[in-house]
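Before I ask anything, here is the structure I am working with.
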Amino acid sequence: MSVISLDELVARIADGALLGLPSDRRGVAMAATRALLRRRPRGLRLYNMPTGGMQTDLLIGAGAVAEIETSGVSLGEFGAAPRFARAVTSGSVVIRDATCPAIHAQLQAAEKGVPFLPIRGLIGSDVLTHRADWRVIDNPMADAGDPLVLLPAVTPDVALFHVALADRDGNVWVGRERDLVTLAHASRTTLATAEKIIDGSLYDDERLAAGALSNFYVSAVAEAKHGAWPLAQPGLYEDDADAIAAYASAAKSDEGFAGWLAEHVFASRQAAQ
Amino acid sequence: MSAYRPEELLIAVIARLLAGTRHVAMGVASPIPGSAALLARDQNGGLPRVSILGSPRHTFWSDGGKELFDCAAQGRIDAFFLSGAQIDGQANVNLVGIGDGYPQQKVRFSGSFGSAFLYFMVPRVILFRPDHDRRVLVRKVDFISAPGVSEPGVHRPGGPYALVTGKALFLFDRAKQRFRLESVHPGVSIDDIVANTGFDFDRPAQVPVTPAPDAATLALIRGPIGREIAEAYPQFAADILGIRTAA
Amino acid sequence: MSVISLDELVARIADGALLGLPSDRRGVAMAATRALLRRRPRGLRLYNMPTGGMQTDLLIGAGAVAEIETSGVSLGEFGAAPRFARAVTSGSVVIRDATCPAIHAQLQAAEKGVPFLPIRGLIGSDVLTHRADWRVIDNPMADAGDPLVLLPAVTPDVALFHVALADRDGNVWVGRERDLVTLAHASRTTLATAEKIIDGSLYDDERLAAGALSNFYVSAVAEAKHGAWPLAQPGLYEDDADAIAAYASAAKSDEGFAGWLAEHVFASRQAAQ
Amino acid sequence: MSAYRPEELLIAVIARLLAGTRHVAMGVASPIPGSAALLARDQNGGLPRVSILGSPRHTFWSDGGKELFDCAAQGRIDAFFLSGAQIDGQANVNLVGIGDGYPQQKVRFSGSFGSAFLYFMVPRVILFRPDHDRRVLVRKVDFISAPGVSEPGVHRPGGPYALVTGKALFLFDRAKQRFRLESVHPGVSIDDIVANTGFDFDRPAQVPVTPAPDAATLALIRGPIGREIAEAYPQFAADILGIRTAA
């Protein structure tokens, strides 16, 4: 019941959902992203934890995104994220620029069920200037004159990510990728793809249990071999550099991006997955 | 004097700036700072500890991305690196975009990443930008991702320490809120620096030339450092330092 | 260099130190506690994360403790903590009563380097009434009339706990016991005992790495077989119920406690360890 | 009617209070609530999920002790259990001590544990205390570990739902801020309740008798529930439910 198909999984992501996503190479559900695009979603609001990359650029380029909160979007050593830059400069996507620890703290506030968390730094940054939802207060625990920033709790509707292992009860193994734990705790629900679904419980082995995230948080899992491709998956495989470079090049133009989409997303289910 | 690549000079320059630190961290896509930190470690008896995001071998963090920022806020990181699409004379850094009308600027870059936080927390933030021209080094940035200086009363144990470019080394004077030209790299003239720097800066009457890396330093860079950095940056290690790896 | 003897380890705990300690059965360094008592420490300030048990009762009974912050001290199914109760009612130990999530939040504030964290609940509790260091404010992120409590960051001088595994570099494996991670991050330094010191690095095995805590936080480790005895160690062994019951019984009287100390702590190094 | 132990009656009573919940959690040393939650689960098609602190098999938590409290604050726990050295008519709970002059009271107990937080957050908090006498059920507690009621404006999605003792079941009326006697256990008189309860409470003209567990319920308790609870509470399972385990 917890393990479903990739198409069933992405059908649970509603148009307009606030979607919590990990950074490139930290468990990005790329196969699920392609499946999601095939159902032509609209109005998604992306919450990058804390940065975005190819997945974000792809979703934006495909016209699926209305808003994005991020600390940065880039293809790393493969260059800028062209669809992202185009959408921001043209105003077709609303951007909420943030900074990495603020992204974490907003999720931690949601995780802890508190309305805000305080954070140091930020004062004097234009990132803060443009955030009406962030507030500078005088530290109530100090005698006087100690300004700091309060960040509101952010609760994604859905966390979506890819992991190495899941069991048939829908528990997933995140290993050292503790950001996925924070993201899942903060979100209303979590959808995960897994490289492999194992028999037995992840909780049977204390070594695996230490890196497990319970089905209490994860509402469904789909198997997706090479589910992060062409991005690296921690501990399993590296970037497919040629494939990412091809994307980076194609995405520089509208035509190139459309061609990439047609070939890698819409052409055929086999090719896409 | 040995022949060396420009990147090797920068690695040596930055390594000197890290003397006396206990823990140096850097973000993704930082092969030159990463190599410099490893060099500083090897030249200083094992310290600083070097944390390279995205390198399993050089990352002890096991509590998610927040651990880097938590460590910084606790004073557990002594040096960090920032770059900037624009950097101005007050050490403000812009990683967001060029032009007016944010967010619909003329050019959009990636975003501010952790700069708006780490710049406040880490005592020695080294601004590193190989390009040295008036496009990058401007009078006033178009967007302040992270401010170089803060009002009194703002909690700020950290801030700008140095600016390393392909042409020169500047140190930042926090009291004066200005850069001071510390040295020009071999073959670069003062006029070149003045012509290509968009902000005012202080300088001594005689500006020293940045010392070139000696043979022992180059041997370290091209040997053990190169092999070690290749784990995180195989392309850089191969192209620049001549390290061939199996992967 | 990171691996030292038990006596060297406890010599690093100064009189008057604020000592962060996990709850019973979550990795209590009992062998180290006995070794510590043999050097007759004074004025320790205990910070129970979030509760105390036999270790706390023992330290208090031996006269080593000046202050304690705790959410509760008890021997669980073995009954009340007699030395603790005696010390509190007689006023010989200063107590700061807390509540479990506040204990966690104060450490998380220290971990995050922020001066405070907010917490819900507590208002109307006498626990709050007696805490001059906890402050009720009106939620600055709400329109009006939403009181909540701010808790200050607490930074223990030393975290002390017992783990299943450590490596020779001083990395320790905490597995699912994530409280030990929070405690170590929040504390100035961490001293750990380990059931077993392994060759190689805990970071070489991704499954172990997920439960590893780095020597960046841990300044020294000592090997201590059965180091939690007579308390259970997660995943390794259960309570020695007879030994704990014997303690619970002896500790009810001053004479009984003195006899227990003499036999189990001071009699001989062999017996004690 | 089958013969049953008092503990088995209490397990059945509490299980009924958990109908309709999705997730029930309990602290250490809670064998009767634990058994009741498992019974509710087995009688209601698999819900609630049951989380027992200290039971590896019944704990999904893998993020430390804070995860329980974080879940509660998010509304992810529907029912929880508290006890009290003293409980008063406004459902205030005292887990700290007896007498004046805190902290140097006459008697000191363990402490408030998570009560000062969970009582605010969990919608159905069940107060469970087998002893029913005027020592425990008092007019006013000597120390409020966790208050039964809050001022308007205090964020409080949770609070007291029921009080289960060895003699009776009360439900708490949050509007009236008073307990109402719901039923007396078989063989207990109303006079006995009044004589042994230190606070005023409401009651219907005719107070029902608590239904005794039926044979099917007892079979569940003594069979699968007992074997399952034995993992966390072997002594209880052996002494009360007659379950012998290998360990």
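Remarks
For clarity, chains are labelled A, B, C and D in written order, and residue numbers in each chain start from 1.
In the analysis below, a residue touches a chain if its C-beta (ideal position, glycine included) is under 8 Å from a C-beta of that chain, and two chains touch if they have at least 3 such contacts.
Quantities reported herein were computed from a predicted structural model and do not represent experimental measurements.
Under the contact definition stated at the top, the chains bordering both chain A and chain B are C.
Counting C-beta pairs in contact, the pair that comes out ahead of the other among C-D and B-C is C-D.
Chain D has its Cα centroid 28 Å from the Cα centroid of chain C.
If you average the CA atoms of chain A and of chain C, the two centres end up 36 Å from each other. Annotation: 41 Å between the Cα-based centres of chain A and chain D. Under the contact definition stated at the top, the residues of chain A that touch 2 or more other chains are 105, 112-114, 119-120, 146, 148, 176, 181, 209-210. Of all residues in chain B, those that touch two or more other chains are 62-63, 66, 73, 121. Shown here, the protein chains touch in an arrangement that is not a line, ring, star or fully connected set.
Those residues of chain A that touch chain B in the shared complex are 23, 25-26, 49-51, 70-74, 76-77, 80-81, 84-85, 88-91, 95, 97-102, 104-105, 108, 119-128, 130, 145-148, 176-179, 181-182, 238.
Within the complex, the chain D residues that touch chain C are 28-29, 54, 62-66, 69, 73, 95-97, 102-121, 143-147, 149-151, 153-155, 235, 247. Put simply, chain B touches chain C in their complex at residues 23, 49, 56, 60-63, 66-67, 70, 72-76, 121. Across the complex, chain A meets chain C through its residues 105, 112-120, 135, 137, 139-142, 146, 148, 150, 152, 174-176, 206-211, 235. Within the complex, the chain A residues that touch chain D are 110-114, 171, 181, 185, 203, 209-210, 212-216.
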